[in-house]
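In the two complexes that follow, subunit A is the common piece, with subunit B as its partner first and subunit C second.
Moving on, here comes the complex of A and B:
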């Protein structure tokens, strides 16, 4: 397993729904509200806790959007860090159990 | 415009029902004097039916769901419903009297990731609150529950419905909310029953007392802004629609009936017989509600308040026409600004007509 392998899963405290291709996300803990663009939505939807972020970016982002893979991974890592700082995504270097409410 | 308002506007423009209010039961453990509901169970949706509705709502794009009643915890499956809704990733709000919420329940509510719990508190005086709910010790139990919920770090809002019996208590209830560390919201309007029965309106506080409320900065925020005379309506105002009812919001009763709003008793279909999206998209009544612009309103289109009035098409419908004025909102517009409304001018009145007697018909026995 590569050392920098990142696993992501959605927190059980969030609400989410797609509206015209964009994902609305709200954290019930502090009521922070976000909308995610199409690329971010694709990553968010694939956050199952056991698919490495690199694989999600390769299959869900580079496969569907015309984006340079290294740049896409760097952007995704930044996006994941931001959402995890708001408690929306949980991040680990080990696979995570999905957090059902 | 905040991100939330932008999203709300987008849903409105696209006709996506982003928010739904769902009463899961009309049964209740309290018997509030102003309550408009028939508390008998006439065939509530079963657990399986509620779950099916939730599946359909998620598919239709509903994000915010408010569970209310009656008293939601009268349903033994209420936690099962909330859990299912949260698995579908709805933002869940609960309206309750909280009397049945114990420490374990508060913990469960937090674990389920419920966004907000709105709780009715009528007075800071237990005897007044209990006289309104007609449930002995309800004040004590409700306040205890609020403390349990706060201990779990949950967001709680106290909703203070004002009526004759408690019209002077709002500032003390506001203090109580601050002491408990919860939000406070005031509702000075009691509305008619869904069947149009207006008898409960007699418990409303008299229109003449509204100025005192509307000119109290502690209740309305920036008083100058709130009470400013209306600006002349713009073309945009006249092209505008009344509210989100039927555009991005609707109400579902415990029996599966779908209405444009909790305060708009125009039946549009029943989810036991039709798919939710078929009702939402194709019901002639929903389409009619969605088609009405301010310029189509019979009296209001010529009213100087039309751009800022809170005119409720549901109340107007209960008064006879969803395109007509709503007297309760005329009262609010007039007492807020002092500027006569088109409805008053048309009838040659110097103050809004009060269509219902503003005396209390049901006595509330407040123990000494």
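Moving on, here comes the complex of A and C:
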């Protein structure tokens, strides 16, 4: 297993709904609201806490969208860092228990 | 011996709430501020007010969170508890009417969230028997729209719109929560025909909004304070449902009375029906 594995899971403090191909996510703690595009939605939905981000990008992003794998991973890490900073995703270098109810 | 409590029942959005106080001057303030919304209906909810020394309303952020089975509502100028199981609550605040408005708005936002409705940062008015909502950031033109309204338009509010689900969609109600106009809305209701997000521009035009954009704009303008995931989920469901049932458009307008012709002649359908 690579040393720099990143694991992500959805926070239990959020509510999310899909509409017309976009995912809408709201943090119940501070009421911040986000809409995710298709790629971001694919990553968000696969955030189960035990699949490494690299695998999620490979299987759910590169497998479905025409994107360069390294660029896709870099974009995904940036996206994950941003959602993490808003409490939407939890990030760890070890597998996480799923928080989503 | 404690002074006897006196009650003013204030009914906004068809939800009567008994406000009780032992302070006669505060009772007068209640009755004046909510004149037109006083009711003899049997109250669904009760709030007991205890007054602290008078001070200004606070600019602090409001916090609304669960404390066991109760809701705790806090800001620098008020501290309130409300138990949704019994419908009863208590408020400690000064006699500032803006604090009073804030507590009532938060309570209504909690009640509405459970019932599939919401308070929206929007002006609203009845035109031809149908309600139209005008939302947007500060300065977008909510008060301007109400000032430009022809005489046959009934103003529901220039600041905070009250929306509840109805048998055939959604209904908007008048509120006493005034903005720059400093004038209470009419205490009446009508089915919601459209929600316009306002932008000022060189001409009047109506543009469609993709459903996700409509939900995003709607969520950003709903007054909601509670730190509670289940209620947030419910609110998100409500916003999606509202977008599927009500026409939502961007209204670019030049600030003169002709914009109301655009509203009067609007016959839109929901984008995501």
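Convention: the second predicted complex is superposed on the first by the 99 of 101 C-alpha atoms of A that agree within 3 Å, B and C clash if a C-alpha of one lies under 4 Å from a C-alpha of the other, contacts with A are read in each partner's own complex, and residues count from 1 in each chain.
As a working rule, contacts are C-beta pairs under 8 Å (C-beta built on N, C-alpha and C of every residue); 3 or more make two chains touch, one makes a residue touch a chain.
Bear in mind that the values here come from a model prediction, so they are computed numbers and not experimental data.
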Fit or clash between subunit C and subunit B when superposed on subunit A: clash
Which of subunit B and subunit C A:28 touches, first, second, both or neither: both
Subunit B versus subunit C as contact partner of A:14, first or second or both or neither: both
Which of subunit B and subunit C A:97 touches, first, second, both or neither: neither
Colliding stretch - subunit B into subunit C, listed as 60-68, 276-284 or 348-356: 60-68
Subunit A residues contacted in one complex by subunit B, in the other by subunit C: 12-17, 19-20, 24, 26, 28-29, 31, 33, 35, 101
Parts of subunit B lying in touch with subunit A, wherever the complex brings them together: 3-4, 7, 10-11, 14, 16, 18, 58, 61-63, 83, 86-87, 89-92, 111-115, 153, 155
In the complex, subunit A residues that touch subunit C: 12-17, 19-22, 24, 26, 28-29, 31, 33, 35, 101
Contact set on subunit A toward subunit B in their complex: 12-20, 24, 26, 28-29, 31, 33-35, 100-101
List of subunit C residues in touch with subunit A within their complex: 210-213, 215-216, 219-220, 224-229, 231-233, 235-237, 240, 243, 272
